[in-house]
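Next come the structures, one after another.
Below, chain A partners chain B and then partners chain C, in two separate complexes.
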Partner chain A sequence: MATVHTPSAPRRRRLATAGFHLGAGTLAVLWLLPIALVLVTSVRSFDDIAAHGLGSRPHSFTLGNFAQAWVDGGQQRALINSLLVTVPTVLVTLALAAMAAFALSRYELPFRRSLLLLMLGGNLLPPQILLIPVSKLSELMGVYDTLPALIGVQIGFGVGFYVFVLHGFMRAIPPEIQQAAVVDGAGPWQIFWRIILPLTRPALAALSALSFTWIFNDLLWAITVLRSDTKMPITAALIGLQGQYVSMWNVIAAGSVIAAAPTVAVFLRFQRHFVAGLNLGAVK
Partner chain B sequence: MAVLTTTKSTSPAPAPPRGRRGRGARRTPPLVLAFVLIPLLAEAVWVFWPALQGFYLSLTSWDGVSAPTFVGLDNFREMAGDATFRDATWNTVLWLVLFGGLSAVLGLATALLLQQERRGIGFYRAALFLPVVFSLVATALVWQAIYQPDGVLNQVLESVGLESLRHAWLADRDTALYAVIVPALWRQIGYVMVLYLAGLKGIDPALHEAAKVDGAGPWQRFRHVTLPQLRSVNAVVLSVIVIDSLRSFDVVWSLTRGGPYHSSELLSTYMYSTAFQSLRLGYGSALAVVIFVLAFGVIASYLVRAFREAD
Partner chain C sequence: MTNHQTSRRRFLAGLGAAGTAALLSGCVTSGSSGKSASGGAVTLQSNLSAPQAKAAMEDLVAAYVKKGTGEVSLNTVAAETFRTQLPTYLTSANPPDVYTWYPGSVADAYARKDLLLDLGEVWESPELAGYSKALNSLCTATSGKKVFVPTTSYWWGMFYRKSHFAKWGVSEPKSWDDFLDLCDKLKSKGISPIGLGAGGNTAWVASAWFDYLNIRINGADYHRGLLAGEHRFDDPEVRKVFDRWQEVLPYFDPDGTAVAFQDASTSMLNGRSGMMLIGTFFADAAPKDALDDIDFFRFPVIDPKVPLAEEAPTDGYFAGARTGRHDEVIDLMRYLGTAEAQEIYIKGSSGTVLPCHPDAGDAGTPLVVKGRAHIEEAAEITQFFNRDSSDALQPTADNALTRFIAEPKSIGSILTTWQRDAEKIWNA
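Right after this comes the complex of A and B.
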């Protein structure tokens, strides 16, 4: 852009804008390319891919791959399992975390700071240290290879982090609000339910969006406490699909689209909350 | 300080007795106590107790069927002569440096590029962020299609006349680890970018203006204004990266299972296969302890920072 004649200011700005869009646009396209590839592959027929290769222009269109992954590949059952685990886990975890955060942030409990950090610390542990004992523990409790085991461990492992984030949020609520309620004779439950919880809604929304994707996308805990194919959530089922349909990329791609669709939907619907959640989670 | 009891603040503060509060109004209502204890119990059952067991099991030899036998530090001694352990540790370090370092640098770079509010910026940000919501398994499968011997990458190389570079990317010991890092990065950069975007937004524009007036160029402003202002975000990103790196499992497991010949083995995958496939639960626990030790510094500093913030 180093022209001999210095261009006028507006022109230079226009050039800079064009340059920006060129750069950012290229980057965005590069980032979306793998996604586009999967979307395209998922609607191509096997023969088409076999004949022309994965990277070629599509010569066919079919939705049969989705049916195949959904029915024969067991994606339907897996998706149901995933939702059966994810929805209760998100609800229970956030409820428990909100309760603990409320108690720790609004009452002068003994050792509250240590308790808070103990709970956060549990969440920061590398899961590897827990895998073997957790799988044995779930056997001992008779819940090995059942969805409640997965829900239990996800709640126990996740709750500390949400307590910490919500604690930071609830702490910022001015004490006067609560004092007024106490004067009016409100008990802890009313204060929690009527005052603090409604004020915490933005943080809860953000954390719901975030935790939904985290739990939905988990693989490690699932393959640690589950064994039967019929119990596996979508992530593990996708690996199964990969083994079942070796190099049938059309079916595998369709399976990936199915597995990613719920979290993408949550993201697109709650984008603002989502990004807010990530930043809430970062200890500043 | 969000200490909340009605009568607080009126008494001219003789330090309240540690532990139980004496006066009736200060007594914690039982419901509030339950609010803490129930979640704590859930975490104790599923995390604290298993963690203690995990440390103990690392000192045993156990096949998961008969009772574990105590062997002291034998498992750790065995590691010294275990070539796979050495490979996995080296790969984990490499993973930390490459995956961690590149996602921090590129995350910051994209955040700088996309920090200004302008037309179309939302689309660019969303595009970079979108992979963050995919599971690592789905991410892995996407990239497996790219890496296949007859996959997209090789086709592209061929079409631009670089046939010589064609490669079984995931099946070659020399490229497997790097081929696995790329999808992980693809997914992580958007996440780090979002953290940095928030950090950049928090910088007072007056600082940049002042620097500009003093004649600082873009690089100087980045070096002496932006970077120092991002210090706390950097600390967060560092913790996130180290913890995520040491946890990385899904993407490697779905793409290579640590192979070929352990060339993409990380400590996390080695631990998993040792424990659940070779059924050497004692040795697997010892490997988990090594991962814990590596993560400990970061966890501790994260907690210290949280501790300071919590009051």
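Right after this comes the complex of A and C.
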């Protein structure tokens, strides 16, 4: 049939383009709808939502919800806590993972395959079964309810995955580069610092954006090792905005916008690397 | 090659230094946290995280500290976090001292594991002498020890808007038949007579209907026995509860199991549904201008021979047995039991709760005055399904009741499944 009534090629292409834009546009709108709902809810007053329902057309506009989430909801303190945990964790995890990946990928270490498999296996372990051991262990070590405990846990659980990804990336760097460096008299530290690490930058940038998002958005480990409200990160403060029975959706929505802002900022900053990094290790 | 060796050595030395520093800082923190276990401020772990309730708790703590007999550090965590972490808190090496929670079987479950502090001294103080006998037994564990200090309670009833009832020309029903007539009238006007709100994550709201029908038909004693595993869910008595429920089921809002209770209360306030069996906490979800228009009536009496029982869940505090500040905790608990403390909390909170102290004033609104009388008329008080049993049993009720509302015909198999699921929990 297509061969009989072939419309002219440009026309067909135009139709295909229109179809693509229509389909992709619809998908994008569907995708953005929940976000739009949160943004709209965050500027409505509680009485408006209580009287007309969450799904109704907004009848009010207020920015007071943000102030309420920030001050009464304790989000200011919580945001500082989150950053205090996230930034050191990302830096330390990536530093450790890069060094481990360098050693495992560039040198013939004994048992390196088993080590890598162990790290991968650790990642497949569901964190839920480790909640009680982690909580008891942190108590035993006397760090329960302190931010360093949370940083330690996050590093411990993150490092395996990053080593695995970085290992795949570093392995793809041609050995000739390293050999040339050795001929010029560089030691392993110099090779790592001056040659391998700069070449791994795209991977590191993508991973830092990813790990920042993961650690910043984590709630499970935070409530496992922390107990005081003054030490809780932003995610815990966010569920704290929910009452026992009744939730003020407008304040929660405003709190969500505040809580999402740092990850969005990081994502925008690292966007280029992030997209480039998605095919990490895909081509070996 | 020498270059290689030194750099590695230097690197290892650096690692060692970092490790030692981490260890040292670990010692420092453990040392300081160990010291705070006795003396110092009493830690009060609170699940009242909603902004208004949190502010009320802060007022309460400030008032206690001002008295000068002790220090308290209030620690508010999200209600959901609190619920899941409470067993961890109670068993941890350096636990918080005082907790907000529920009396009755929930507290007793912890008391039987020796996790709760004996509060006998608190109950001997004159402040708590006037507490009702029902509260006395509610706060006594199986061992005979007092383990709980009750402070406030709220009540359940059929809530509606006065202006809507006037507009529709209907009034509060007195008996079960009146109630069915009322539902019929509302339905003929195109209104869903009964809102439910057992959708979303509030499936537990449906248990109020089970509780009320059971305490109206079989009585509060049978109800408590059933939840404790002394009777079976597939008994003919329980079957009677569902036979009654089937009479009103056609009048339930078809969205009943689709929307959460907060949306269902918006529907009721907007007049899309007529009334709702709900606790007073729902008033927090109402716009301020609707508050004066809200009224309630008693869940209709079905069998007048059954002693009148009402659901009025009590909230309050217990203390962990491992506390290192025994005397300070007792002093704080004594204060929490006073009329003054309860009035401070009620003033700061949304004000729809009733104080447990008989001499304490309530918020004084017509709704609360009516609620206080409503509770005082009752011969028996029940808490709520999960509070009279356990949080573990609640999901079995949620499953059974949601299924019943969807397919009332298969009640036989639903009750058999419920009994089987409940046995797993009772025997666990």
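Simple rule for what comes next: the second predicted complex is superposed on the first by the 262 of 284 C-alpha atoms of A that agree within 3 Å, B and C clash if a C-alpha of one lies under 4 Å from a C-alpha of the other, contacts with A are read in each partner's own complex, and residues count from 1 in each chain.
What we mean here is this: a contact is a pair of C-beta atoms (placed from the backbone, for glycine too) under 8 Å apart; a residue touches a chain by one contact, two chains touch by 3 or more.
Just so it is clear, the model here is predicted, and its values are computed rather than measured.
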Subject >> Superposition on chain A - do chain B and chain C clash or fit >> reply: clash
Original post:
Is A:228 contacted by the first partner chain B, the second partner chain C, both or neither?
Top reply: second
**OP:** Check whether A:108 is in contact with chain B, with chain C, with both or with neither, and answer first, second, both or neither.
**Re:** first
Original post:
First (chain B), second (chain C), both or neither: which does A:247 touch?
Top reply: both
Original post:
Looking at the overlay, what does A:91 touch: chain B (first), chain C (second), both, or neither?
Top reply: neither
**OP:** Tell me which partner A:129 touches in the superposition: chain B (first), chain C (second), both or neither.
**Re:** first
**OP:** Would you check which partner chain A:148 touches, where first means chain B only, second means chain C only, and both and neither mean what they say?
**Re:** second
Original post:
Between chain B (first) and chain C (second), which does A:67 come into contact with in this model arrangement: first, second, both, or neither?
Top reply: neither
Subject >> Dominant contact partner of chain A by residue count, chain C or chain B >> reply: B
Original post:
For A:185, is the partner it touches chain B (first), chain C (second), both, or none of the two (neither)?
Top reply: second
Original post:
So, A:53: does it touch chain B (first), chain C (second), both, or neither?
Top reply: both
**OP:** Overlap the chain B and chain C contact sets on chain A and report the shared residues.
**Re:** 53-54, 132, 135, 187-189, 223, 236, 239, 242, 247
Original post:
Which part of chain B faces chain A closely enough to touch in the complex?
Top reply: 1-6, 8, 16, 18-21, 26, 28-29, 31-33, 35-36, 38-40, 42-43, 45-51, 53-55, 57, 64, 110, 113-114, 118, 120-121, 123-124, 126-131, 133-138, 141-146, 148, 150-152, 155-156, 159, 186, 190-191, 194-195, 198, 232-233, 236, 239-240, 243, 246-247, 249-250, 253-254, 267-268, 271-272, 275-276, 281, 284-285, 287-289, 291-292, 295, 299, 302-303, 305-307, 309-311
Subject >> For the chain C and chain A complex, residues of the former touching the latter >> reply: 3-4, 7-8, 11, 25-27, 29-31, 33-34, 45, 47-51, 53-55, 75-81, 84-85, 88-89, 92-94, 96, 261-263, 266-267, 269-270, 279, 281-282, 284-290
Original post:
Can you list the residues on chain A that touch chain B in the complex?
Top reply: 17, 20-21, 23-25, 27-29, 31-32, 34-35, 37-38, 41, 53-56, 96-97, 99-100, 102-110, 113, 115-137, 152-153, 155-157, 159-160, 163-164, 167-168, 170-173, 175, 178-179, 182-183, 187-189, 192, 213, 216-220, 223-224, 234-236, 238-239, 242, 247, 249, 252-253, 255-256, 259-260, 263-264, 266-267, 271, 274-275, 278-279, 282-284
Original post:
Any idea which chain A residues touch chain C in the complex?
Top reply: 46-48, 50-54, 68, 72-73, 132, 135, 139-146, 148, 185, 187-190, 223, 227-230, 232, 236, 239-248, 251
